[in-house]
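Let me give you the structure first, and then I'll get to my questions.
Residue numbering begins at 1 within each chain, and the chains themselves are lettered A, B, C, D and E in the order written.
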């Protein structure tokens, strides 16, 4: 991974993004930017629009207004090259969504072979490498259902990594897991951060966000309500963030 | 009763029975493969956002499912001829059976497609797979796996239904039976033998599909999940 | 001979259509009664009964209806019963329908949740009482959509009775064609007639199924 | 067991197996009533014997099983007399004859067997024409078998086959149905005697039927029926 | 209800009961007895065999060895008169299992009419009476799906009561309910206990068990590990029970 110093050209930038589902305005002028190598945590109440914001970045949702630029792709435009965008962006969901009919190795090599045209042997090496990164080398030939939840989620992360994305998006990747399994997944993400991966993560694990994030974006009712370094979690300035942090709820 | 059973008299015609059984299997095999393709296309068509394609697929499926195969076969056979097109009875039989089983396959496959969780498709989209790649790798095989028992039953039913092809001069098992019984006048013996042959054929087909399932779904084989 | 489609031909076809409906009703009633017995036999506590009924189902489902019709037509006579085409067709269709309905209904009976069986058992109800008062009323609701759907198959399959000389819609079409020789037009009319009989049932069954889908999710315990 | 003739007399009804899909022997008129030469022969018989008549509808293939299994008392349905069949059922004396030919499109150049080699010949499955043609193994014929004459004629009319193996009368019918496809007899196949078929061992019934045929051949009634539907007289050797 | 003093003849008695599912030994020599009018609570970890023990009493499971006598019926014997046994025993499950196609009244009158041959009018009076006992008079003509979970469970109890059983078995009857609904069901059971009904109940509600049970049977790995009055919950003698009580988990 390139370890450039944060430049003035952000990898992800949202400007005044608007998004409604029917009458419901879910994103109401959201703006933030992520620099290369930066880790950004999106936090906020359930329903505040975190997932929607994340999904807009990878164009799983079309925005109604505003501008989104990701690795140079104008995501808000209708003519954006989706497949090019998604080669630059890796996304991992709460429900791991491994392909149940493929082994872990096949899960990982599928996209590199099909999309990038990498040779099978090379893709296999790649699979071994990324699985080592998440500590799952021995599960190469297992099927997803043979893995625990935490292992499945780590495999899903490895699958994304195999596409060598420039930025990774995580949407509450641990909230389906019990504390023990959560810890093992978080450790993998921590290692990624240490390796300099640019990341945007939606999370309810406040302790984790505090420890790993370079910057926090607190969303409230579809707006960015407060933003700043991890320290805002310990000394919030708005009453909403105070209340949110105060609930002490790790899970919402 | 004056009727006495004389199986040897009929059984000595075994080469004819065998030829008929082989033709029945051939009809079923061709129609299964082609019908699976046609049905899958129709199922995909029904799920598209293009109203014309979706409507046409639905009309096809409903028309076929609500009319008898015998009528369909006559329509294809005499319809093609009226248009001046002449094909062999075998080709027409395969075509009619394909059109027929395609409609049922379409309904089954549609259920299979609908059973694929939305998250699977999003995950594949997130990995930059193209629409076609997603259909092929993520939707098709798992969908087939989900509906495999229903699909295989449908194809066995198709093999049994191919008996009506005797009407348009395809010399499959029932046609052979009709010929032999009118030649030997041993109707009862003939049809008992034919019934037994059909039961064997359906067991053969089921065994074949079971084997195919092992090849198609290695996960089932590995994890020992029954199909 | 020859000439054009006239009112007599249409009436003849109409009569055939009535026979198709009649034959379907007979097959449904006969097959329903026998199929019900088959369904119960398939879940009987006696292994031999289960085995016998499973064999019956396998045999019938492994044989084309056409062959069953031939066997019914000539077989019944061979064992000394003088039967008309109507009787032969009815008997064959009954045996055929019973095998399929029996399997459909067995599935429906078994899909009544196990705790319902146990609750009924816990109330000291006898096996017959459990079946008739607790399980069957619930199974009937589950069974209605697939049964209506199967009626479409019955109607279509009666067309095969034509090959043993029974003059239902299909055969009446062949006979009319024999005097007019316009196969395409006549078979098209027949196809449309079958469609008119079957499609409403298909729609009805689909609607029932959707409504059931909703109803069932309501029933799920909290 | 009781004699079949007694049963018929007791029931006051005779059940006759007739294929109503082989014009002009058995068919429906425009008001969908059975008609044809076999139908009228059957009607004449029932009338002479003072019995109610019930037609047991049959196809070519099921004609004989119908009497074997007691579904019908007798067969009057262009049933040709062959030694094969005589092993299974009894035949009366002939009441008519049937000239069978291979018929081809009028426009075709078929004259003899070698000319039909690459043409498919439609026949009605299980008929004497079918058996005769099927036994000509050396001629390497392509035979398309249909379940009844109606389907066979329809196949010829609509162009699925270019030749048919059938009675001269039926061959001529094809052109009537579709003037653009007129068929004519090209290769003679055989002349068959048509007889009434009945279950083996019913001697009294057989005798009575034979007497009836003799009488009606003599009084010309059978010839009149034949001529009405087939356009020609019965062969002279039969009438004398 | 008869309010006899506990006699030496127990209503339910298990002696050295053995039961395996395949290779898994679920009951490994279980013995306990219940006197007339007594309330016995079966507690223990998930999987310790509580439900199985209860189900053996009503012969929903056949035992492999040992002796079970319930109201004079030799339940372990293959020739036990099942219908007679079940007229003496009422059982209520976690999933209430009301018959969805019958009204509450029909649910209740079904067995008395069909099994005991009680006249319809009389059975209706009975239904009214037992529904009053569980506080559901007004739901006589409702269908189960129109009732809340707690109401359904109370109706299920009423249905059992209508058979006038000599002993009632309860298997975690409140664990599918939220706390509020739990309370209303427990109140009904409390009232039953006060009326002198003999009861065996599997429960995870320790507070409730402590309050209502005359005796506690603590099961552990298919064995009765400790047994005694309710006070053993506050002063357990074995380390297993200490740990079990100590987890403080109301629900396992």
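In this text, a residue touches a chain if its C-beta (ideal position, glycine included) is under 8 Å from a C-beta of that chain, and two chains touch if they have at least 3 such contacts.
It should be emphasised that the depicted structure is a prediction, and the values quoted were computed from it without experimental measurement.
Chemist: To get from chain A to chain E along touching chains, fewest steps?
Modeler: 3
Chemist: Could you tell me between which two chains the number of C-beta pairs in contact is largest?
Modeler: B-C
Chemist: Using mean CA coordinates as chain centres, what's the chain A-chain D distance in Å?
Modeler: A distance of 83 Å separates the two centres.
Chemist: Taking each chain's centre as the mean of its CA atoms, how far is chain A from chain B in angstrom?
Modeler: 46
Chemist: Starting from the mean Cα coordinates of chain B and chain C, work out the distance between those two points in Å.
Modeler: 21
Chemist: Taking the mean of the C-alpha atoms as each chain's centre, how many Å separate chain C from chain D?
Modeler: Whole-Å distance between the two chain centres: 37.
Chemist: Hunt down the residues of chain A that sit against at least two other chains at once, touch-wise.
Modeler: none
Chemist: Return the residues of chain B touching two or more other chains; collapse runs of consecutive numbers into ranges.
Modeler: Answer for chain B, listing residues that touch two or more other chains: 3, 78, 82, 166-167, 187.
Chemist: Among the residues of chain C, which ones contact at least 2 other chains?
Modeler: Residues 74, 77-78, 163, 183-184 of chain C touch two or more partner chains.
Chemist: Chain contact graph: line, ring, star, complete or other?
Modeler: Drawn as a graph, the chains match no named shape, so other.
Chemist: Every pair of chains that touch: which are they?
Modeler: Pairs satisfying the touch definition: A-B, B-C, B-D, C-D, C-E.
Chemist: Would you pull the chain B residues touching chain D in the complex into a rising list?
Modeler: Residue positions touching the partner: 2-3, 77-78, 81-82, 84, 86, 89, 166-169, 171, 175, 178-179, 181-183, 185, 187.
Chemist: In the complex of these two chains, what residues of chain C are touching chain B?
Modeler: Touch list, chain C to chain B: 58-59, 61-68, 70-71, 74-75, 77-80, 152, 156-157, 159-160, 162-163, 170, 183-184, 187-188, 190-191, 194-195, 198-199, 202.
Chemist: List the residues on chain C that touch chain E in their complex, please.
Modeler: Its residues touching chain E are 115-116, 118-126, 129, 133-134, 137-138, 141, 218-219, 221-222.
Chemist: Spell out the part of chain D that touches chain C in their complex, as residue ranges.
Modeler: Per the stated touch rule, the residues are 20-21, 23-24, 27-32, 56-59, 62, 65, 69-71, 147-148, 150-151, 153-154, 157-158, 173, 176-178.
Chemist: Along chain B, where are the residues that touch chain C in the complex?
Modeler: By the definition above, chain B touches chain C via 1, 3, 62-63, 65-72, 74-75, 78-79, 82, 156, 160-164, 166-167, 174, 177, 187-188, 191-192, 194-195, 198-199, 202-203.
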